[in-house]
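Got a structure here, written out as structure tokens. Questions coming.
Chain IDs A, B, C and D follow the sequence of writing; residue 1 opens each chain.
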């Protein structure tokens, strides 16, 4: 398959003239990738799309590298010709968008129909071919010697020095194909055309993955530039500095700051969030009189109130220090409530750091109520490794999973809080505090489903939405998001308040988000109006 | 050989563990368990390779451009110090001091920075560029409002609405995502197990 | 026949496992058939996923402007259940690395998982070698931070600090650290593209990315970028999707009519 | 050597370390919160410190819990635990990745990780996600199954929405677009319509999850601020103010 460099039409192998525009195709050689079918320029060793090695056809010689730095002689295109080829090109495009369907053999994933038609695979060879052409022509010795001298080498034109070192973005690759105007043609250009040499060309020069061109260090030309070269360099620079004409459908990549927040806006926003956070330290819980506990919290409070004194509750602190800030207040409230009811608590964790967090909470409890003692009223069992398998082992025998306790390293039978416990079935309630949905899921599947012990999950607000189905199915008796849950629990269980005053902060945060939503849309609407 | 051996190992180990997954047979089970333990050991070694990379990365940067050398030095000293405290001096209390007074506050405050980032992300995400953004904006504000401890007071229907949203559309959404992910995971794993893809076998 | 069944029941005692095995038997021939087809050059049209188009453009832009791209590979551990997701993040890295290496440009990859680090180093080394610049390969073009998720986000944000990068491409397993990283670096990159498969992380990345990849789309990265053989997987997924939908519909009908 | 060091540290820890500790913690918290004013030197110091500590801590954990106990087993009873030697060898090959000439040696352990991981992912996706989630989506849509009267109808409607919603979200991920022919056009039209509904459900899901994370992260920030306030409060107390 040969792709015409001027109009992009695909002509069967071996043809000498393009079927669509009639240009000579004598100098164009392509390689079809054996694994993905993409068209590659002759000098490619690896497919530009799938990176498979391109095999050489029989008798085909690998193109020597030295040809790449030969002087560049562009195909001579008169303006008239250009217009016609463009027309053909547009027609083909219109056809493609009319039918809408992608030709299955050519469809590229992830591209709009028009792009797939002209996209990298078809497009790359076009502009690339113009770059290859000179080398081929040079090889065949058809180029008149005079043009060869008059024109700057391709590589030099591409090198950054000529571009003035400025960031050129997409222009860098597209323009080498543009600077092709040969000297005699440049003079023939009409004034309008000279003013914007790219006019009408943008369709012809699609956004091309530059990676198809192997990078080679530029070879510096030692000779002083001729006047034509100067003129061309200037022209090229003009073109390069201008915003590159984008292919239809391509997006202009705006700097992100233009779409999002500038740094100053960011700082203001962050200070507002910080203020919302410190607000309760000054207002000290003005909103707390509005707090009204929801059903799920009330259910847990009722359950604990109804427990006989001396009942056994298993608590599992399955959260990491990252989320301790949210779960600690609720854990403290629940443990305070349980301690007031003189319920016996057995504490464990399925996360290594969890037991340390539990220890800190119980230190607070023993400070507050000194007659609630370790060993007699509560025991820390420790960390239970093994995830699913670990939890399953609790079902059969507690003593297998934990031989000694965490703080005093004594056998469980010696401690009065655990002496009567054999398996999980001896617990009246199980309360799990967790920061990920998977852990709660495991508890439900491995423990709750096997033993039917009343089961409560206290989780971070972030994972609560994912666990709601378990509450609906009745496997979780209560599911409490910790942030608001702590505030509600302190009120409902009338335990010593330590998180209640945070309700001010939560209210402020919601108002802040509401304001953010309004402001961003107001600014967006204004910018949109100005833009139109 | 350089590519053949790793591919063969991948296929054999993979198929063995897959068999272990479905079939219970003493030989398969015991070898399978050993392979899983091996994965744990390899991950630990990989971690040390990662730590070497981290040290090398920053040492190289210090020697190359000398910028930020102070910060990089702090990183390397902290890393080395913690490693020594944990490996050479276990049980001296040094590690638990580092954990309690340095690591824990740093970690939990880094997590707290998410509050800022969530708000600045909301600034972009809440912009009504299309219908999708509108749906997302309304849902998140309703769910957030109903999450507040006084939502009952605003309207008794608010928590009910939130519960319904989480019960029906959100459950459907997450279930759809999980099912789709499962399909993708299965084909991706099959590609590795059948050696269609072998990203590990590099020259 | 009976003996075979009995052996099967004896070997696979769990009913879920049996159903799963049945699914696998259904999957396998489809997968092999479509992958063979894809390998022999058969193509089919895919719906557009803007994020992948964007990644292609960003890579071209990076090569042209010389600004490196940062690829975040996430925290999916190889050798655990998140291997598939980790493999897709490596596929995306492979795509970026090969294109960037062809022009001997810089790239930065970061990961929270050391097993990914070792794997990505191999990929980058091969890419540099194939492009003809083996001497440009440096193992430290890939950085490991972590393994704690937030330490990764903090470390990667620090690594992006010195030099302006063109884009963040975050594909793989990400939780809240994805949002952390994206927002902390948003003023220093001009585009952010990425996604993850789990719902929690996907929601956050959707909010913070310019173009987001959601859920199953993560596993399509290879087919959309540079691995036509992955088209076979997508065809299999599409068919199995329909099988799953039919299973749900039939199940609902049977349950409602009281057969189950 | 190590006894001397730990003795030294033990003496320190009883006195100074416990006094310095809370100060270090409070200052580090402030340093991280200084991010409000952008990437400033104080924040960057905390950032690099955190990265170093996290890596060191994980390394110490991996050594103490994974490598060291197995190394001891291998050294005491090599005939039973020979396979640990094999895995240690493979682990060392993994370290070779950092050195260019030996780089390819790491392919072998990586192959093992990929193979086993793929098997686990495959098994997990089949038995842990695909089958249970399909089963969970199979629910009765007959109102009588849920209760009498309007309540039953409401629940049945929910069940219908839930199942249709799951199907819609699933079709939102469909990759192929229309091929040739009428049947294909019809089929893909249906899938696309369902997929559009699925996108809406996805957005609702994302909105709800985003709200959850927003609330959690704000609670974390609030906790850190309360902690700081308490720290300064205690300090003022101690100074007798």
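Simple rule for what comes next: a contact is a pair of C-beta atoms (placed from the backbone, for glycine too) under 8 Å apart; a residue touches a chain by one contact, two chains touch by 3 or more.
Computed from a predicted model, the values in this text were never measured in an experiment.
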For chain B and chain C, chains touching each: A, D
Pair of chains joined by more contacts [C-beta pairs], C-D or A-C: C-D
Whole-Å gap separating chain A and chain C, where each centre is the average of the chain's CA atoms: 11
Chain A and chain B: spacing of chain centres that average the CA atoms, whole Å: 14
Centre-of-Cα separation between chain D and chain B, whole angstrom: 4
Chain B residues counted as touching two or more neighbouring chains: 21-22, 39, 42-43, 46-51, 53-54, 56, 68, 71, 104, 107-108, 110-120, 122, 124-125, 136-137, 141, 143-144, 147, 166-167, 170-171, 173-174, 176-181, 183, 185-186, 188-190, 192, 199-200, 202-203
Sites on chain D at which at least two other chains make contact: 33, 35-36, 44, 47-48, 50-51, 53-55, 57-58, 61, 94, 97-98, 103-104, 107, 110, 112-114, 116-118, 120-127, 130, 134, 136-137, 163, 166-167, 170, 173, 177-179, 202, 205-210, 212-218, 220-221, 223-224
Multi-partner residues of chain C (at least 2 other chains): 17, 20, 44-46, 77, 79-80, 83-84, 87, 115, 118-119, 122, 125, 139, 144-148, 150-151, 154, 158, 161, 176, 179, 186, 199-200, 202, 204, 206-207, 214-216, 220, 223, 227, 234, 237, 241, 244
Overall pattern in which the protein chains touch one another (line/ring/star/complete/other): complete
Footprint of chain C on chain D - complex, ascending: 39, 44, 47-48, 50-51, 53-55, 57-58, 94, 97-98, 100, 103-104, 106-107, 110, 112-114, 116-118, 120-128, 130-132, 134-135, 137-142, 145, 163, 166-167, 170-171, 173-179, 202, 205-207, 209-210, 213, 217
Chain A-touching residues of chain C, taken from the complex the two chains share: 39, 41, 43-46, 48-49, 52-54, 56-57, 59-61, 63-65, 98-100, 102-104, 130-132, 149-150, 176, 186-187, 189-192, 199-200, 210, 223-228, 231
Partner chain A, residues of chain D touching it in the complex: 33, 35-38, 61, 136, 177-180, 208-209, 212-226, 229
Contacting residues of chain A [partner chain D, same complex]: 101-102, 104, 263, 266-267, 270-271, 273-274, 276-278, 280-281, 322-326, 328-329, 352, 460-466, 469, 481-484, 502, 505-506, 509, 513
For the chain A and chain C complex, residues of the former touching the latter: 35-37, 46, 49-51, 101-102, 104-107, 109-112, 120, 167-170, 172-173, 207-211, 213-215, 250-251, 253-257, 259-260, 263, 266, 322, 437, 462-463, 466
